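Shared chain: chain A. Partners: chain B in the first complex, chain C in the second.
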Partner chain A sequence: MTQFARVTWNAVALLAALAVLAISPSRAEEPVKIGVVLPYSGVYASLGGEITQGLELGFETYGPEVAGRAFELITEDSEVKPNIGLSKVKKLVFQDKVDLLVGPVASNVANALRDFVHQQKVPLIIPNAGNNLLTGERCSRWVIRTSFSNAQITRGMGPWLVEKGYDSVYLIAADYAAGHQMMDAFRETYTASGGSIIGESFPALRGTKDFGPFLAQIKAAEPKAVFAFFAGGQAIQFVKQFDEFGLKDTIKLTGAGWLTSPLYVDAQGPAAAGILGILNYVPGIDNQENQAFQEAYQAKYGRVASEFAVQGYDTARLIVEALSQTGGDTSDKDAVVAAMHDVSFDGPRGPLTIDPATNNIVQDIHIFETSPGDDGMALNVIDTLSAMQDPPNGCTL
Partner chain B sequence: MMSRETWRAGTAILLLVAALVSWVRADYFGHELLTQIAILAIFAMSLDLLAGFTGMISLGHAAFYGLGAYATAAFNLMLEWSPWAAMAGAVVVGAVAALIVGSFAVRLSGVFFIMVTLAVGEALHAYLFKSRAFGGDDGLSGIARPDTSSIGISFDDPAVFSLVCVGFACLIYALLELVVRSPFGRLLVAIHLNPSRVRALGCPVSRYKLAAFTLAGAIAALAGSLTAQHNAFISPELLTWTTSGEALIVVIVGGLGSLVGAAAGAGVMVLAMHHLSGVTDYWMFFMGLFFVGVVLFAGNGIYGVIDAVRRRLGGAAH
Partner chain C sequence: MLLDPTFLAIQLLNGLQLASLLFLLSVGLSVVFGLMNFINLAHGTLYMLGAYIGLSLVRATDSFWLAFALAPLAVAAVGAVFHVVLLRRMQAASPMRQVLATFGLIFVGLDSVRYIWGDYSHALAAPELLAGSVQVLGQTYPTYRLFVIGLGIIVLLVLYFGLERTRLGAIVRAGVDDRETATAIGLNVERAFFLVFCFGCALAGLAGVVAGPVLSIFPGMDISILILALIVVVVGGPGSLKGAALGALLVGMVETFGQVIAPEYASVVLYALMALVLVLRPGGLIPVSKAHG
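For the complex of A and B:
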């Protein structure tokens, strides 16, 4: 055998040995282990980062330990891919043996995780994904949501707009499950209150960058208001193009509050002024908890906390308060979930509880209007719909 | 000098032994990884038949993978077929779809073939992303694994299921090895090397390519079907062109036209992804570097290195 062959054989043997090692078990214990599966790469990477920072600040503020047990966060990148997310959660449960799971951001990933955590009976606390079914038809005792359901966000806007005199609207939303669920909930309460919907458009989620054709249809339909749902890059473009098209003078732009999220409202510039939004959190909410939260967050991370950060922050607080009720015991998962049902506290968003009928959060929903302020666009709360609670929607826990 | 085929089979047996040793030593999660590796290996080997042997670089191979997963879900959840029947049905669906797509795609070559396969994959992805009946972007869940409680084992046990997937991977390897050793397989390689000459010899080139395309589609659908049962969940994500691209990377890292290299590449890919992503958020960057490194320095990937050993040994004997 030549030198080269021997080296290569050694390399092959080493590779095989590595493969064997790589699949071997590992263990450790003591602190409360929390498996965090969020996107740290891909389109939602910034959301995953915000939620993680909110979680860390939350555990710092309300922890750092409960009944002598510290918190250990084990983070995994879901890549916004359902299969990857599921495989990461299996790793967290089987290999790291986490006590609780937090995640994900996107509903398609949440759907992939649901059956697995349901079978394994490991509590999964969702800090963002809003699909109605997760706390509706497909609810599980082991899936708790601290963020929102899509319907919960938009349902309150229907009667409110009619009351303010906007009795005809045009609906426009990105063409995927979240867009349709938000519009369905709005449509139901809006028409029940006597408003009329005079047109609907669902542009493709990916690839729609030019909203011109849709804006032309809106212009022709002459509604008093538009109710929209877009997020991220699409929200930036839609708001800008709505203004450039000259629609802002005659038609009021309203929508689910992600249209002008603090994450990118400054990128939208003056086009973002005078927009009505509805959301579970805006940085300008006037209460002590929120002031303290924003101060701590800005001191630590140097920027305003968004609605995503607050969802992480409240998730951490829910976990801390529930575990302090069980005396730090995480072995009886059923008791942990029961304790979560008993927890209620005033967070930055206002009073929060977990609905024992659906495991969805019960929270205030805020209606706000944007106006240019001294340092960038301000999101001013003009009305608050208190304790919005979802109907069971086919959920039996 | 040992023949190329014998050396390949020997490597395959070595891989199988490594897989079995891992299986014995692995915990729950290890079995999950092994399942992922086995399924990716099946998918990558089917692509290797196209890209490595026949010279058809497809960027839409995930369409058949995803179609297999969706067909399994549809047959199992909507028509309530048994998981075995759904799996068989999925393979048929994959084969038929590949036959249809292939009947026009195989007439093209080079960049045109790449573009057509890419377009077909993206079109199917766009359809499933919007289709309410198949769950749209939310996907479908609850796909069952075969019920084998009558013989006392449960496919829901990750240990059993991973072994089943490794078994499938071995079967597919054996099948493809038979195919590429047959006169049919030799002709595919000939078409790869010099299509004009093969045509001049009076051989219906397109029909041979179509047969390979159909077989690859059917095998990809089998991998998709196993994935659907493994995750009990499907979503349009399975059909994106990046899924095809990842499979192509696995084949290239493993070594084009070697079958067993694709399987080894699948192992490297899954393990590297799992371990790197635990270490750094920028793991994709390092995967990219690794890929560039392999292409630049390892010639024909992992199997290229293994095959070089064979040639050295042969050289030493003279």
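For the complex of A and C:
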């Protein structure tokens, strides 16, 4: 009987081993599924498109596979609506069983996703949404940001402007969380450096059709500079009207760099010349990675890569490098996040790491000035603030 | 700062400029509403279409003035098709069905624009003649905005004399007053209304082109301004030319000075104005008197 038992056991063990062998090769070839939830309709549709193109180019460049596993992107439209974004993410997690999530663009959608991914323990990599709280008070081990925090972008500009002699400014920004957070961070460092803020306006994010009323107010206040945050259609209007109302002659226009994004700086025409911006990326950054990135992107998509495209591109690279550390294994999500903390590389933006204390990116922030060039408006980097790292801001991971 | 006369003058011009654009946009909406009892929510879509067609024309011909002349015609043609295919069939339908049908058209228009022109924001350059700025009371003011104000006044005068002095105007007035009787005495009210509808669409297209250099062009530019145009119609009184002019002026000024004095309450003040008018004068400030109510 013992002999029979031994034979049986051996047979079972053999069969089990065969079963494992039969499963594991196919398991290694299974693609890494990445759920991408970005806006493909609504006000931020163009940004969703840019980031997706950056992601695709990134996986092409640094993949196309890791440890034998290819990458499969499953895209869903968030429509810039928190409830829609959340239901799309639930579908990606429960139905498609994605390994990782990438998204969204808008912070209100990111806020809606945060608790869900925190409970499900599925890593969410944010390629744009900048709300400070997402890597501050509301941070999560499962929410990693490769783009920026609002404060990270504008904080450096305060002391810099004072040093250049612009010791009085007027603040103007779109009236929503991002506008206020960017102005708060600027105000804090600017006044601490001895600058004085002589007026503030927060026009409605959507309702404002005309900046005329605000520009007349700014002009009457006579600041040395204006520090502004607008993006998209509002940025086009603001920059053009700032010039038309004759403010440019006496007041320096400065702001978070989306004011003169390469996406629309040419639509602003000559009015966009001589503006100071601060941002995590401009196409003209002088390093090898950026040159290679711009060449590849322009060859593939036929236009200059924007600050949004680069955030998608670096997100793809972070994923590839983290998974090559885990040997392509995505089953242990905790190990994947730990690997992301260990990744560091020189990208088009400069050296990048993920801060293990907050999960926010640590990156260079660039100060640039616009000037008319041979083919459209050029954004020339004039200063770089290296390795900007956010304080924990109430985050405990 | 508010008592500074030059500051006030500049803001007054800003208000007039917005009023002028709103007038161009809402006069078509208002007259169609008054004539046909039909609230065309897709009117803003025609405005957006005017801006985008203008953008394409400027790109193709490099001439703002060609876009200025042709885009309204193109939008009028779209309006004519819209009238024949949909509006004419729905005239007997309940107001709710009309509202829903034109509301649906807003989304059709939005996605069509995104499909044809993409998601990016654009702007039109002002024509060279008007691109610079002029000095108004020692303050720099964009020349183009003065042109917008002038255009609004010219269109108002043309419409006024057109309605008062021409045969078409007389038919339209008769049709608004008492449609049955006008038809009974042999006036072709139907045809007159069709022409007026197309003209209103052309004005919406014109507003779109003219807005191009002041406001930026993006998918959804129609929705934010449609709300203001609807307020203009309600405040001024549906169907009345003078009402549309007065409503546009009021809304333009309240919007502009509201943003200067109390930006947080600017939209509240606007809606409060509308509510006040609805309570005190439900027919609008200058209502059209109708024989059959």
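Here is the rule we go by: the second predicted complex is superposed on the first by the 368 of 397 C-alpha atoms of A that agree within 3 Å, B and C clash if a C-alpha of one lies under 4 Å from a C-alpha of the other, contacts with A are read in each partner's own complex, and residues count from 1 in each chain.
By our rule, contacts are C-beta pairs under 8 Å (C-beta built on N, C-alpha and C of every residue); 3 or more make two chains touch, one makes a residue touch a chain.
Given the structure is predicted, the values throughout are model-derived calculations rather than measurements.
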(request) Tell me which partner A:L86 touches in the superposition: chain B (first), chain C (second), both or neither. (result) first
(message) For A:S201, using the defined touch cut-off, is the partner it touches chain B, chain C, both, or neither? Pick first, second, both or neither.
(response) second
(request) Figure out whether A:D334 sits in contact with chain B (first) or chain C (second), or with both, or with neither. (result) neither
(message) A:S41 in the overlay: touching chain B, chain C, both, or neither? Say first, second, both or neither.
(response) both
(message) Taking the superposition on A as described, I'd like to know which of chain B and chain C A:P213 touches: first, second, both or neither.
(response) second
(message) Just to be sure I read the superposition right, which of the two partners does A:S107 touch: chain B = first, chain C = second, or both, or neither?
(response) first
(request) Have a look at where A:L263 lands relative to chain B and chain C in the superposition and call it first, second, both or neither. (result) second
(request) With the two complexes superposed on chain A, say which partner A:I236 touches: chain B (first), chain C (second), both, or neither. (result) second
(request) Find the residues of chain A that appear in the contact set with chain B and again in the contact set with chain C. (result) 41, 175
(message) Looking at the complex, which residues from chain C come into contact with chain A?
(response) 1, 4, 7, 10-11, 14, 17-18, 111, 114, 118-123, 125, 133, 139-142, 144-145, 213-221, 224-225, 228, 256-257, 259-260, 263, 266-267
(message) Taking the touch rule as given, give the residues of chain B at its contact with chain A in the complex, in rising order.
(response) 14, 18, 21-22, 25-30, 32-34, 36, 129-130, 136-139, 141-142, 227, 231-233, 235, 237-238, 267, 271, 274-275, 277-278, 281, 283-284, 305-306, 308-309, 312-313, 316
(request) Please give the residue numbers of chain A that touch chain B in the complex, ascending. (result) 1-2, 4-5, 8-9, 11-12, 16, 18-20, 22-25, 40-41, 76-77, 81-83, 86-87, 90-91, 94-95, 107-108, 111-112, 114-116, 131, 133, 175-177, 205
(message) Which residues of chain A touch chain C once you look at their complex with the stated criterion?
(response) 41, 43, 45-46, 49, 175, 201-204, 206-210, 212-214, 216-217, 219-221, 232-234, 236-237, 240-241, 244-246, 249, 263-264, 267-269
